[in-house]
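Letters A, B, C and D name the chains as they come in the text, with residue numbers starting at 1 for each one.
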Amino acid sequence: MPTLDALNAAPLDVFVAALDGVFEHAPWVAAKAAAGRPFPTVAALHDALMAQVRTASAETLVAFLCGHPELSPKVLADPGLTAASRDEQGGLGLDSLGDDLRRFEDCNAEYRAKFGFPFIVCVRRLTPPFVQRAMGRRLASTPETERETAIAEIGYISRLRLKDRVEGPGMPKTDGHLSTHVLDTARGCPAAGVRIELFREGAQIAEGRTNRDGRTEAPLIEGEPLRIGRYELRFHVADYFANWPAAADPPWYDIIPIRFAIAEPEGHYHTPLLLGAWTYTTYRGS
Amino acid sequence: MPTLDALNAAPLDVFVAALDGVFEHAPWVAAKAAAGRPFPTVAALHDALMAQVRTASAETLVAFLCGHPELSPKVLADPGLTAASRDEQGGLGLDSLGDDLRRFEDCNAEYRAKFGFPFIVCVRRLTPPFVQRAMGRRLASTPETERETAIAEIGYISRLRLKDRVEGPGMPKTDGHLSTHVLDTARGCPAAGVRIELFREGAQIAEGRTNRDGRTEAPLIEGEPLRIGRYELRFHVADYFANWPAAADPPWYDIIPIRFAIAEPEGHYHTPLLLGAWTYTTYRGS
Amino acid sequence: MPTLDALNAAPLDVFVAALDGVFEHAPWVAAKAAAGRPFPTVAALHDALMAQVRTASAETLVAFLCGHPELSPKVLADPGLTAASRDEQGGLGLDSLGDDLRRFEDCNAEYRAKFGFPFIVCVRRLTPPFVQRAMGRRLASTPETERETAIAEIGYISRLRLKDRVEGPGMPKTDGHLSTHVLDTARGCPAAGVRIELFREGAQIAEGRTNRDGRTEAPLIEGEPLRIGRYELRFHVADYFANWPAAADPPWYDIIPIRFAIAEPEGHYHTPLLLGAWTYTTYRGS
Amino acid sequence: MPTLDALNAAPLDVFVAALDGVFEHAPWVAAKAAAGRPFPTVAALHDALMAQVRTASAETLVAFLCGHPELSPKVLADPGLTAASRDEQGGLGLDSLGDDLRRFEDCNAEYRAKFGFPFIVCVRRLTPPFVQRAMGRRLASTPETERETAIAEIGYISRLRLKDRVEGPGMPKTDGHLSTHVLDTARGCPAAGVRIELFREGAQIAEGRTNRDGRTEAPLIEGEPLRIGRYELRFHVADYFANWPAAADPPWYDIIPIRFAIAEPEGHYHTPLLLGAWTYTTYRGS
């Protein structure tokens, strides 16, 4: 992976080649931004690239937008699909939509007919149900707003791709953070040894066990965007208060589920559990 | 105490005499309202009396307002003060204002000079600091608004006096309600035997002990307006979690103070305590 | 349905016939208890009946216990099954155990071989998984303890049957109570209009909506034992904090699930939800 | 201040002189421990010093204990008092005990008469009321236990003095930590700008304001033992929820007091406030 320093010093064609695919089929973006070198940070490089997109002529922009693949399992068969797009769409799970898929593809067609370019969304920032929800809302939008939204989504997409292509200081902020913490409010100490599962849209995506500080060894999610969607933490506490005075059999709580939704993929989310023998509290912490 | 039925059937002079003093030095209010008899409820009788006040000519109204005593310890020495006013002002504790009293009397004079009638407030609905606060706000008001406010206060005053003068169905709503409840969330049951004190503006006004349901035998305040003001509940829990696993010495909590302010004298206030060994929660309940 | 007074005054054969089936194939229980009439309460009648069971000779007792049907879908086909047993077992859902059913029937055989009488349990007080759990525990028990346990279960069974057969004062306590309450701690008032579902062992058994007091119009369960088992309340709050300052899109909470287990079928359970915009608390209330 | 390395290498008399006063009038402690040099950590040095105290003959020990000053304002006038003792006792505020002081001095006499040495306690670890409480408990103790307790207290005293006398790695643990944190559970973010006061036994000892993370810039207490005693945090929130939907006038909460007691002077205490508009929760956090 080239460093930012190397890119700042590279001949134009090397610079453009290094950024190939950060923007879909659009080497002109890097070519035009190159004149602004040197960039002090990767974020500044990204800003300069996006400035080229934003100031492109209407004709160039629409051509550029039209160079993006449709969001559809079908495109995975297209040999012209960029590797980045293939990876991103492959992880989305659109093929799991079942009956909804046909409806989604109808929406794709309707969207292109209405706006003149394909529906573009940064799929690494949303779960499939929220991609569908976004489609519904954006179909109801205006052409001006949709052009802005498409450019903003390309900003998210290219920011994530750039991080995989350049090494250097001042990386753009793309990561979210999700963690939890279990406090035993009956004993006045962290609750150790509680098994925790994290589900996203019904599928388990992480698990762990609280340590002596009542925390999992690592955050439940970090180093990537938190996909906008519905999550559920499940705290397995059936045995935690065994041998407790006045503990019931079966215990009052066995699994404590906490459902919540992520709205900001780059946000910092902390969802603690204050656990008593016959009560619990949760909140958005910090 | 006469019944509403008796008043509905009484000769005019008996009716007027029975309500003497409900409105300060103003037998004409009852005399004019008498024509609307029979009244199905005491509240309807009160509405009819207030309708006479509201529809009085500007001249009559100002004379009526001027018939009200000033809010001042000095008026307690005036033999012409009605017994009701004497009782109400005596209970207010204005004489405890100390240095603030002179400032308050200056405000009284300023108020009368600005609006042409004395400052009227239903002192059974506020603590002295909030009488002072009301004075400050009302001095900044307009003559129209102040006339409305004075009439509204006379509505509160007369409503309370009427309840002491007539027996019958449909009493006007003048009472507030303040209660508490202690739940032991470490054992999953009501917390019995907890001593509770209630303070208002720093003075203890009630105390009790929780029974097997975690409640005091009677509400802390009922049967009267809750005075707008600052309150504090103190829950004596030092011994409650003695012999508890992991209890500390001295115990983590000894007295749990909960401060709150009453804003609606006729409101229903419930301030529970969810008590764990190392946590507590309070909220406005219902 | 005969009254207790009528039974107190009835000829012996009428008394015995009226209680036929309260104890399985054992008219002698009622016949012997009849001498203790008149009974002041239905609970006293039940106590007298159980006293006959408890003081029966070992031989009589074992014969009596052996007169009870096995807990098995197969017995539903037996025309000799009492109507009460048919109803009770039919509602249990043993046939839904699937693969576990064969294992359960093996346990039945093992139990009878070990203790000399069938496994008896008051199925109206447990969900099928907890019937299975009870089987596992009781298989590990001693003959003396198991005879006591079987008699205690017959006490529960007959108490419930008696309530359906006699009208009168002093009914034995057989009912549990499960209710909830939603308080909006962000607005300081009951939370109205929240849809609530109650699930037991995964199946929805009740639903409701909170009224202006934040309660459902009726308790979620009353008038019957609460079956020992696992329950889940689901509070549908997705729209509750829409238009709230700083509300997120999608909202932080959409459905709030609260899982808990009932351990006392005749207990009083209250599981409130204190609902803020970004927090919630639950506890066993009273 | 000498370093541990320097002390490890110093001639015996320099070593003893450097530690003069860490143990009251007892240079023999350092002299005997010197043979164990070099010490890898300051804590190891302290352990070696205490080992000399623990293994001293009964006669030497009692003489050593008797070399400690009485806990009394009178000793402040004694020119023979060590500077360390003067500082420690001066900060205790024993002279503020008023009428209790005479009773305390009577206890001092009783203690010396019963055990043969003065009452020794590490006054930097307790507030005056808890020094008094300790006196009451220890008067009821046995000679063996009291000798152990006196040695343990000398361990606490000398550990603190040693930290002021030697620089080096592996300092003994003498510091406590007290912090707080305010979360706004109505908005789902840290509560910034809340003024906080900390009181100990009724006297304000710290104050601060929450920053954008809902924390004070520094812990409320750190770098010293937390004195065993009663504390109160006061959160000034009167204006925090002004302009809030359904905010009351006056606001429901103005000052939120949280009282708690510290039992472990070297402990880590965190007492957060989860603040909603009409609710709050506190707990011992971590």
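We adopt the following convention: a contact is a pair of C-beta atoms (placed from the backbone, for glycine too) under 8 Å apart; a residue touches a chain by one contact, two chains touch by 3 or more.
Everything quoted here is computed from the prediction, not taken from an experiment.
Set against the Cα centre of chain B, the chain with the most distant centre is A.
Remark: chain A and chain C have CA centroids separated by 48 Å (rounded to whole angstrom).
The geometric centre of chain A is 56 Å away from that of chain B, both derived from CA atoms.
Listed for chain A are residues 185, 188-189, 248, 252, 274, 276, 278-279, 281, 283-284, each touching two or more other chains. Under the stated contact rule, the graph of chain-to-chain touches is complete, every pair of chains being in contact. Every residue of chain A that touches chain C in the complex is listed here, in rising order: 130, 228, 230, 248-257, 259-261, 263-264, 276, 278-284.
Residue ranges on chain D touching chain C, taken from their complex, read 184-189, 244-246, 248, 252, 274, 276-279, 281. For chain C in complex with chain B, the touching residues are 183, 185, 188-190, 213-214, 274, 281, 283-286.
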